[in-house]
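Each chain gets a letter, A, B and C, in the order it is written, and its residues are counted from 1.
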Amino acid sequence: MEKPADRLKHMKQNQDFNLDTIDDKIAFIESILFVSKEPLEPEKIMNFLNCKNIQEFEKIIAKMDESCRQSGRGIILQRAGGGLQLVTKPDIHPFLKDFYTIKTSSKLSIQSLETLSIVAYRQPVTIAEISDLRGVNSIGTVKNLLQKKLIRISGRKKVPGLPLLYSTTREFLLYFGLNDLTELPSLEELTEMFEEKEQPSLFTIKT
Amino acid sequence: MEKPADRLKHMKQNQDFNLDTIDDKIAFIESILFVSKEPLEPEKIMNFLNCKNIQEFEKIIAKMDESCRQSGRGIILQRAGGGLQLVTKPDIHPFLKDFYTIKTSSKLSIQSLETLSIVAYRQPVTIAEISDLRGVNSIGTVKNLLQKKLIRISGRKKVPGLPLLYSTTREFLLYFGLNDLTELPSLEELTEMFEEKEQPSLFTIKT
Amino acid sequence: MNETDIYQVQTEFFEGPLDLLLYLIRKNKMNILDIRISEITAEYLFYLKNCQGINPTLEGDFLMTASTLIYIKSRSLLPRPGSTDEASAEDKLIHTLIEYDKIQKISRLLQEMETHTLLLWKREEVSEHFEHKEFDIEEVSSFQLAEIFLNIVKKKDQEEYLYLESKNYPLDKKIEEILHLIETSEYLNFFEYVDKLDSIEEILVSFFALLEMVKQRLVVALQKRLFDSISVWKNQQTD
């Protein structure tokens, strides 16, 4: 770390940062992601870097990702909601929690998760369809998810009464760490995943 | 970067992060500084790391500082107000500034949103009517929305003074992903949601 | 795992009738594709009767399914003159259960993903004390817009409601009051009088009272110019 005087010297000396090298590009990406609260779309960064080739860009990202994964680094790169984002390494979570003595954020209720599952896989979908599939009136959970911005109104169904249709949002993708909806496993894949471990798993325990 | 399924696998494997090595300590410091907007006192971090010796701590910080200064990094360590802080590398500042002036996002205040909601639901509407509903003079927010092209002048009201009437624009529909105004949720629909009255389930079997 | 964890694991809590039905199917080791729905009716009703793990706010939904189950069961016991009602009701319910089974699997997946993303800290998380006063327009949905408008209308309704409810000024009482004032002071400056009133409603009632008194020829009212005050005297010619 520098004293202010050194810093000035340093500033005058170092005029060789110009985004030409791959390292400069990585440094630039790290700094813009650091100051951005939201995930940034790769296209915006590519435009700025005058990088016309997606393969070239992906090479930069891969190198950056690799260097983040090394030990001695606490931040990693993540794709979420179609954008790039810096987040802390998952392994550090327990220590972060202790350091900040923060309670884990409240999780969604099973009702909300059920309703979200239906919206995610059946979108666009009406409240009547959701309630029908769950066997339970779902107006309350739909409202709750709307307020959490995990779902949105996406139109009206062309049936009598013109009921509102609901779809998932970008917030939904961010919340579950998905890049886009295609990352959700298909129903077939899902059945496979769960046949391996059919017993109720431990993550349902409320602590 | 991993796919969600891989990520879940990864989650279960990696349990070897435990702050024992200097690298783990650096990673931890990077992550706590990353999530903190304010500089953190070194003492607080030392306490948490059970690091009783200031020389030892300074050694960790020096190593971290050195690795931040390498090319390919966009964030550096800085001492400010007696605390430690992560900031972007000064060399990158001109590029950061350029990047963020390009990405000017259109922000709306809650006041503007209130006015916009009134225009959306009561159009065509005069400023006097908007001000009356909101209980505050709304000329400013109307001007703001006109500039953002979310509303437009759509005529004059045939009352004394012939005040201007305002309506929403095509841009408005685009922003909110609506095909037409009938797709806006009606107040009845919304009230129903907010009242959450217990209705019989919609799950019925037609026989 | 501590004791409360164990307790939570052992307690069955059903999110709805389908959740309970699936539980019973699994408990009886039935294959979801070829179960006889009517066979688990008794068990379902047992749970319902004992309210085991039944969310009271969802009781109606549980009862609704119970009636379907009883219907299916009763049809299966009666000789059927070529009716396919029972079969279709059962098929529909089984189909719903298969779909619900998938939903539960997706929910569990989402839950795992949620658990994972909660391990990743984003930058703004610790410093949430500064308030977001501005909204990115791209993030506002039509629902939020509607919600904002609903709140404005509600607030406005409340204002008007409270205002009207505040006091009641019957017209005849007002007439009596004004007549009394005129009789004691022989003359009334209407604007001065109205100025002392604290609600628009009372002012309006007073004005109507004045009009009514003029109409009944109880008083004479005079206004020199538009927006001038109105002077009111008792009408001497009525006697």
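One rule holds in what follows: contacts are C-beta pairs under 8 Å (C-beta built on N, C-alpha and C of every residue); 3 or more make two chains touch, one makes a residue touch a chain.
None of the values given here were measured: they were computed from a predicted structure.
Legend note: the chain whose CA centroid lies nearest the centroid of all displayed protein CA atoms is B. In this assembly, the chain whose C-alpha centre lies farthest from chain C is A. Here the largest set of C-beta contact pairs joins the chains A-B.
Averaged Cα coordinates give chain A a centre that lies 33 Å from the centre of chain C.
We define each chain's centre as the mean of its Cα atoms; on that basis chain A and chain B are separated by 13 Å. Taking each chain's centre as the mean of its C-alpha atoms, chain B lies 29 Å from chain C.
Of all residues in chain C, those touching 2 or more other chains are 17, 60-61, 65, 96, 112-113, 116, 119, 121-124, 126, 141-144, 147, listed in ascending order. Contact with two or more other chains is made by residues 4, 7, 11, 31, 34-35, 177-178, 183, 185, 194, 198, 200-201, 203 of chain B.
Interface residues of chain A, counted against chain B in their complex, comprise 1, 7, 10-11, 14-15, 17, 19, 21-24, 26-32, 34-35, 44, 48, 61, 64-65, 67, 71-75, 77-79, 86, 88-92, 95-96, 98-100, 128, 131-132, 134-137, 139-140, 142-143, 146, 152-156, 162, 164, 176-178, 183-185, 193. The touching residues of chain C, counted against chain A in their complex, run 1, 5, 8-9, 15-18, 58, 60-61, 65, 96, 99-100, 102-124, 126, 139, 141-144, 147. Those residues of chain C that touch chain B in the shared complex are 17, 57, 60-61, 64-65, 68, 71, 85, 88-89, 92-93, 96, 112-113, 116, 119, 121-127, 130, 133-138, 140-150, 152-153, 155-156, 159.
The touching residues of chain B, counted against chain C in their complex, run 4, 7-8, 11, 31, 34-38, 105-110, 113-114, 116-118, 120-121, 133-135, 148, 150, 175-178, 183-185, 187, 190-191, 194, 198, 200-201, 203-205, 207.
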